[in-house]
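Across the two complexes that follow, subunit A remains constant while its partner is subunit B and subsequently subunit C.
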Partner chain A sequence: MADRPPGTAAVQRALEVLRDRLDARTTAFLNSCVRCGLCADTCHVYLADGEAESMPAHKVERIARFFRRHHTLLGRLAPGFVGAQTLDQEGLNALAVAAFGRCTLCGRCALNCSVGLDPSTIIRFARTVLGAAGMVPNGIRANVDLALATGNNMGISREDVLETVTWLEQDLQDTLGDPAAAMPVDRRGARVLYAVNPREVKFFPLSLSAAAMIFHVAGEDWTLTSSDFDITNYGYFAADAGAARAIAGRLVARAEELGVEELVVAECGHGYRTLRWEAPEWLGRPFPFRVRSFVEVMADYLAGGRLRLDPGKNPERVTLHDPCNLVRNGGVIEEQRVLLRAAAKDFVEMTPNREDNYCCGGGGGILAASEHTARRIEAGRIKADQIRATGAKVVASPCHNCIDQLMELNRAYKLGVEVRTLAEIVADALVLPAKPAP
Partner chain B sequence: MSDITIAGRTFAVDEEGFLQRPEVWDDEVARLFATTEGVTEMTPEHWAVVRIIREHYLEHGNAPMVRLLCQRTGLNLRTIFKLFPSGPAKGACRVAGLPKPEGCV
Partner chain C sequence: MSPTALVLLAAMFTSVAAFVVLRLRTGSTPAPLAPARGSAAVGVLYAFTVAFAPWAKESASRHLPSYAAGIAYHVAVFTALVRLVHSLFGTPLPPVVNAATAALIAVGLMAGTALLLKRCADPRLRAISVPEDFFANGLVDLTLAAAFATAMSSGALPVFQIVGAVLLLYAPLGKLRHMLFLLTSRRVLGATLGRRGVRPASHPSGTGRG
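Take a look at the complex of A and B:
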């Protein structure tokens, strides 16, 4: 119709999702927030900008008011009385900033919720509603599309993977002086499939070399894959269930095809969370292989005497940033500490830490959402202050996404630190077995 | 979209400081952007990295694999990270006048 206001079709689709995709848990959560505000002090975004709109309860309210208006009796009869609001384009615009710009899905607010909600679940639902209206940030959407089209979020070809691995393998053999040091690819029947973040292959392969060295020294029976190797899942950040399932499903199928006993996920917080905890739900079945983080695997090697580490090789002070999706939301908490105590001479915790740690400010896919760059850097101030207070020269973090944000914080807040993966620090501390006599 | 002014010249950049109009790029622009990356002097090694990124972008429309950068320049990986403290994905690509690379960067 000619007189239809712009955005109506998008609003209509959003309303349909608000009606059809409400499961029992989300409905209970949307009905339960009492707006006590205890969550405010847990949120790094609110602590950094002090704006009321950054309080978790406020962000939840942005979607809860649509829910009340369209799905509760009082909301329909007396919307003003219960703070209900008709879902319209303006409301969606405000919701988009709340759900993608002011929330990194870190889940820290759930620790303090007086009625036991996980607000990040509600924000993810808000993202699904926004997705129906075509309002997922372009950068996040582009990564989803590229992953669906090419098998990884950087569009890296199979040839590029193979050439990069050959190049790294040569370097590994030179470093170890051992022509038997290998980086196997697509090897069926290996015990372990090591799956990685595409940015390791394209731009930051030091972590990949480090992992290869660790597998070699530990005597692991492992392989990489030249296709469907991507552990990231921007479908999860977009809260697009179909895309998230498709992306995770490909790596799962590849692991099944190779017949491995274990899928080892490289250092990537949401990659671990989605593959370990979410993907079996999405795909509706258990997997015939175990899923572990490389952090857990390295700690196992150390405990089993398969790695020997000399902390003197990392003499500078090291602190640890806990990725939310690996630690608070993933349950891998102590292994990285065991490794750092063995691999570095002066490991200090930042405060708070473990499951109580603050998000780096780069979670929830926000690094890909360029329109929220200024907010992201500002929200990272809490993390920058934490790092500075430790006096550390090196920040370790078992997550490539966190590392990207930490590198930006390093630049923006002039921290003067080096940001590294756990594998790189562990590899540098390796006591290599004596070379066999010629 | 915003503007950045370096040494009196103004450029349209995206929110993360990547040049918006690739055609305005030249050596002088590279030198100016380098100052925002903690690069005090563009050495021949810096130029070698920037030229390869630039050529690859003009030919393929995206940033090259870091393998290509190392093999074509003869520099090792750690040297490239030292040359561009923000890394090959962001630092070097910003200086080479590319849009932000796709993916997890």
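Take a look at the complex of A and C:
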């Protein structure tokens, strides 16, 4: 937890946020839960640990009892009767475990709530309250601070980006045998700005070169940016509206500066969700460019005949993990299936799938919260069971956050699978144009 | 108008006024700025129609008896409220309507009692329950019992009107206020899922539950 032990002042700040930041949506949700408990086994955390505290309704109750105590008549007059609780340090401690350790904001409970409320919105509000008390896990806070200070959550310098792109470009030219193959950077007037997860630059350059190959083969007019390229937004996970706005705002400003028609978000679930759906609300305006996931763009290329794929190049059984923020909360549902059917010889679905899919257990920023690692791996058991049941050798997922968690699950549960991005699988299946004559 | 009818009328006005104040204090959600992928209107329509079907949500399909009991309970509550309003006019219901509504209320009363017992017996439910959950359920059950008794004998009408008045006065204060807020919740979430193209499901299987 935070380096500064929260005391009375922290509780006071939390109370102020509980009073000032309650919007109509959250208020309606807080007043709607009837504690029927039917949400319990829709949650992967509860399914994995079976603890009452992991039931979505229980997690909602952690903050709802403060709401009732401080913002309802009966809560003030008869707190014990309505289960209202004065917001205090002990309550905040319990709330922190519920909001950051037992919930990945995946939204599966929302889709299945019998009343029709969204517990993940309530949990995000709980995180805002905790943030005011300085109780955001240090790992999440550090990512926010680094992104605000350097422009990306890994503190990668412009020079490092340019150096990585230079050798990736050389590699691309060698692979394609085409010296004209390029990975343009900071090119004004390009049609597409491709923005990435810093992990791709630092740890997974293969997914970046796969995307470059796909853009090249599709004949796209595209560019990368050497600054403000980060699509991730830990401000969203911290439920820190100011930080989230600032982080998203910089990429939006960069896209406007470059004058692109389209901002294409690399394979990152929450990156897509925040830039496609949340950022216009945070910034208070629609954008002069379109925002799409790279998954949608690849599917469009395929449909338009700009990509030809040979599924025989991916002969092993492939299954798909649907990232919650891209699918259930983002609406990109079928495109990845279209791509995998074309790019892999033996594509099988997990059960359940699409918007009903289970979270991998690594969402909501929990990957950065090391104090919840054991809980995260335990919650991932549901996903591990799903993967094992498919008999797949390859798990595709269009989200680097999910991929990190899936790789850990692969080790923890001995699944014996390879975890890959969609772009990597599609790039492997590309039927390349004939090499130009020397 | 009888004294109990006057009490009921006053309770109705007070309850409606309290709900209006609650609604106004809650405010409204701003119009979204991100361009839609699907239709908010279709999402809202789905939320108030198909989403109630037992197969539409895992929480319902996996817990069919509880979900069915919940539906029967709420149908009975609305039926009882209609009868409560009708009681102010002092005219008897046609026998067929009287019998049909009595049957609905009886089924709902049994369902409500079963849900109350379940809340007492199920450790999972007890873990999320507060005293008011038992009280609110009991109060609604009492109202349904009074409504049923009135359907059987008009002599029970004053009791029904008084119990009904207590229920209406209590509703805006405690968990029963969900009768107002769930409308907003369902609309807001339905619109969000509709705009994002998540619901209604557009893929052939209808759901991804396999």
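To be clear about the criterion, the second predicted complex is superposed on the first by the 431 of 438 C-alpha atoms of A that agree within 3 Å, B and C clash if a C-alpha of one lies under 4 Å from a C-alpha of the other, contacts with A are read in each partner's own complex, and residues count from 1 in each chain.
Here is the rule we use: contacts are C-beta pairs under 8 Å (C-beta built on N, C-alpha and C of every residue); 3 or more make two chains touch, one makes a residue touch a chain.
Bear in mind that the values here come from a model prediction, so they are computed numbers and not experimental data.
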item: First (subunit B), second (subunit C), both or neither touched by A:H58; value: second
item: Partner chain(s) touched by A:G259 [first = subunit B, second = subunit C, both, neither]; value: neither
item: Touching partner for A:G189 - first (subunit B), second (subunit C), both, neither; value: neither
item: Broader residue contact with subunit A after superposition on the shared chain, subunit B or subunit C; value: C
item: Partner chain(s) touched by A:G134 [first = subunit B, second = subunit C, both, neither]; value: neither
item: Which superposed partner A:G242 touches (first subunit B, second subunit C, both, neither); value: neither
item: Touched partner set for A:G116, first subunit B, second subunit C, both or neither; value: second
item: Contacts of A:A24 with subunit B and subunit C, given as first, second, both or neither; value: second
item: Partner chain in contact with A:N329 - subunit B first, subunit C second, else both or neither; value: second
item: Subunit B and subunit C footprints on subunit A, overlapping residues; value: none
item: Residues on subunit B engaged by subunit A in the complex (per definition of touch); value: 14-16, 38, 62-63, 65-67, 70-71, 77-78, 81, 85-90, 100-105
item: Subunit C-touching residues of subunit A, taken from the complex the two chains share; value: 23-25, 27-29, 31-42, 52-53, 55, 57-58, 61, 72-74, 80-83, 110-118, 276-281, 284-286, 290, 322, 327-331, 333-334, 349, 351-357
item: Touching residues on subunit A, where the partner in the complex is subunit B; value: 139, 142-143, 146, 152-156, 160, 163-164, 167, 197-199, 201-206, 232, 367-368, 370-374, 400-401, 404, 407-408, 411
item: Residues of subunit C that touch subunit A when the two form their complex; value: 26-30, 32-35, 37-38, 47, 51, 57-60, 62-63, 66-67, 70, 122-125, 127-133, 135, 173-175, 177-178, 180-182, 184-186, 188-190, 192-193, 196-199, 201-203, 207-210
